[in-house]
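Worksheet: one structure, shown below.
Letters A, B, C and D mark the chains in the order given here, with residues in each chain numbered from 1 onward.
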Amino acid sequence: MSQYQDLKQACYEANMQLPKLGLVLFTFGNASVVDRDKGVFAIKPSGVPYDTLRPEDIVIVDFDANTVEGSGRPSSDTKTHAVLFRHWPEIGGIVHTHSTYATAWAQAQLDIPILGTTHADHLTADVPCAPPMDDAMIAGNYEHQTGWQIINEFEKRGLSPREVEMVLLSNHAPFTWGKTVEKAVYNSAVLEEVARMAYLSCTLRPDVPRLKQALIQKHYERKHGANSYYGQR
Amino acid sequence: MSQYQDLKQACYEANMQLPKLGLVLFTFGNASVVDRDKGVFAIKPSGVPYDTLRPEDIVIVDFDANTVEGSGRPSSDTKTHAVLFRHWPEIGGIVHTHSTYATAWAQAQLDIPILGTTHADHLTADVPCAPPMDDAMIAGNYEHQTGWQIINEFEKRGLSPREVEMVLLSNHAPFTWGKTVEKAVYNSAVLEEVARMAYLSCTLRPDVPRLKQALIQKHYERKHGANSYYGQR
Amino acid sequence: MSQYQDLKQACYEANMQLPKLGLVLFTFGNASVVDRDKGVFAIKPSGVPYDTLRPEDIVIVDFDANTVEGSGRPSSDTKTHAVLFRHWPEIGGIVHTHSTYATAWAQAQLDIPILGTTHADHLTADVPCAPPMDDAMIAGNYEHQTGWQIINEFEKRGLSPREVEMVLLSNHAPFTWGKTVEKAVYNSAVLEEVARMAYLSCTLRPDVPRLKQALIQKHYERKHGANSYYGQR
Amino acid sequence: MSQYQDLKQACYEANMQLPKLGLVLFTFGNASVVDRDKGVFAIKPSGVPYDTLRPEDIVIVDFDANTVEGSGRPSSDTKTHAVLFRHWPEIGGIVHTHSTYATAWAQAQLDIPILGTTHADHLTADVPCAPPMDDAMIAGNYEHQTGWQIINEFEKRGLSPREVEMVLLSNHAPFTWGKTVEKAVYNSAVLEEVARMAYLSCTLRPDVPRLKQALIQKHYERKHGANSYYGQR
């Protein structure tokens, strides 16, 4: 029996949430779960339809994206996951989808502005959209560079991956993460809904103002601050 | 056996309608039911997913939002419900959601204009959007002030909560209410559909005219007037 | 046993198609079926939810909208149906909904322009939007006048109810009809889809041209002309 | 037993995927499968609802669109399929739908611009929109000319049907194809999602830039190039 059985099962279950939540068409998405003690993570095999995916199909890879266990080829986005897991020790799971509204913002190369408390309950910043990569980075180790594109954008903007758990990649689609993969999946669904609401507000009123600072702080703190009072203790 | 069992059951059933009607994602919503004789109301516990919610999880609180019965923490919006129940003796239930189209209008800080009879069958005014709160109100007793923001806006506009059973809060989302919680739930679904139709009409024709007064009166009266002839006697 | 049992059953089945096709929320719609030999039609009772509606609840009324059989109050739109059935002997069923996209066009007081073959397969004209009624007509016998508003608009435009089986009422919503009530239901679903496609094309390209005449004729004739070759013989 | 039984079954299964994927309303679509050895293809009968369609209803026709086996009338679009199968020997299946967003672009007479990697994973060009036909072509052998309209547009633009497996017909709707009919069905669903994302990006930001060339190449090659690494070997 594989020493990674529980890790594969957790990864399988997270992946299966994506079509259930309406976030993926066919195979356009993947979720991964890290085991930091063992220095590996579990990820969906590439191009396998969700309705035939089994826990034993999940691939185990190390932080250089080399396969440790599994007969299938891991997701084509594996190197991006590997860079993020290696560079951000605080995250436990990553989700990548092409969910419709978040991808539409990424294609438009626009940050999703913070317009309401649905957004502020989850993060105090606009959802950042990392710019298109240089041609040299694309032609080179593309998925590896995609990871660095995310990390560099966070550093440039002074954002913490503990506080902002989602990003858009220009012309591509979103990545989300979290302390656990369940949180990363949750963030993917939240991002899609926030993207949809912002699309509607912006097309209804193109000069819609960003949320005022006092409200941003209030909503974030009631959910995440030291004196938070959202949810059960 | 709790003296509040029926109240909890009614509150539970109203809350369970919200995901069924497509009005909430995850835990983004709550419904409450008042018992005016006992001076309490029942409300959803904070942050509990709908698919694990049970009638016995419902929390009973008084009109100061103090817990009377229940081990869980009540909804973070409890103080808003408490202010509305105390100030408006005619209402029996309240629903708060972040339904997509209604929230998009709230984020845009715009009233939903009355454009058709779907709207006029339910209220004769635009759906009011209360303005953003002062920073001092936000930093203070925020959810309590949210209740007052609604009440003050109704008084400023000369609206009656018996005739207009819904409101948008700028940058936030809608609240609806009714003589019963079933009516409050119904109003939430009607508001979302009215918000969606108005979004479509306004993006199709930005200078769309408001409904003429004669038609507003006619449709409201055939449903709610002394000589109403909609529905069964 | 009622002599109208089959008529009630047909009316019941047509009404139950409306929520199944996603065309009504709560009770916002109704279907009727005529029996010309008996000089009556069957229609949904007013305000009865679809999930509790039974065939025996269907109301039988004559062409003056007087109840012939049934204990419930007929749909509040009954007089509109009565006027259309009396004036247009060629139609066998009528459907009224507040389907989302068709209603958005009605609220915008715009005809739905013929932009593609999905539309042309069903009618060769824009979907007509009848203008708002005079205040005197609204204050008077409103639902009766609604029927005349439709008939007058068709006469003004030189349209035949055999060729154009749908209409929008400004600020209100659509009515459709057909030789049978099944066709009227089908037309309601087609109208909603045509309305949705036209909304998308018009917001994508505000100066989108109408379909050229040669294509309008071709698509209509292949489905409805003397030498039609769509469907089975 | 028919020598075409397997062909009919494959055609039946492909057609049944279309409503399941949300790509057709009523009978607005059809799928066909070719058997090049026998010089025939299987296609849906015209106007038969999907919920009553049976494998034995599928019609077998030759490349002149003459019926070889089957009692029903073949799809009214059969001649278009016949022209494409005859002219493009590399394709094994064709799908025609009136899917909502793709049809909205066709009605707007606009190519779908390549804006992101969801698009680039499948084709490196904008989705071409063939212009409206001349009136003479429409009045003549219309469905036959529709096939030629597609082929001529591909030749004019220098596109290969192996690389671009989808097209929009101005004022009409999309056609897709593939080496197999399963791939043609898959392409129809991908096209609808790409059309929806592009609609959202273009209405959000009308001056949205096309995808840069380096990214177009990279995403297409990782899925389709000699050194592709998407999917299982």
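Quick note on the criterion: contacts are C-beta pairs under 8 Å (C-beta built on N, C-alpha and C of every residue); 3 or more make two chains touch, one makes a residue touch a chain.
Just so we're clear, the structure is a prediction, and the values are computed from it rather than from any experiment.
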{"item": "Set of chains adjacent to chain C and to chain D", "value": "none"}
{"item": "Size of the rotation, in steps of 5 degrees, that lays the CA trace of chain B over chain C", "value": "90"}
{"item": "Chain whose average C-alpha position is farthest from chain B's own", "value": "D"}
{"item": "Whole-Å separation of chain centres (CA-atom averages), chain A against chain D", "value": "33"}
{"item": "Euclidean distance of C-alpha centroids - chain A vs chain C, Å", "value": "46"}
{"item": "Touching two or more other chains - residues of chain C", "value": "203"}
{"item": "Chain-to-chain touches, reported pairwise for every pair that qualifies", "value": "A-B, A-D, B-C, C-D"}
{"item": "Footprint of chain D on chain C - complex, ascending", "value": "115-118, 186, 189-190, 193, 196-198, 200-201, 203-205, 208-209, 211-212, 214-215, 218, 222-223, 229-233"}
{"item": "Chain A partner contacts - residues on chain B that touch it in the complex", "value": "25-26, 28, 45-48, 72-73, 76, 98, 100-101, 103-110, 132-133, 135, 138-139, 142, 171-173, 199, 202-203"}
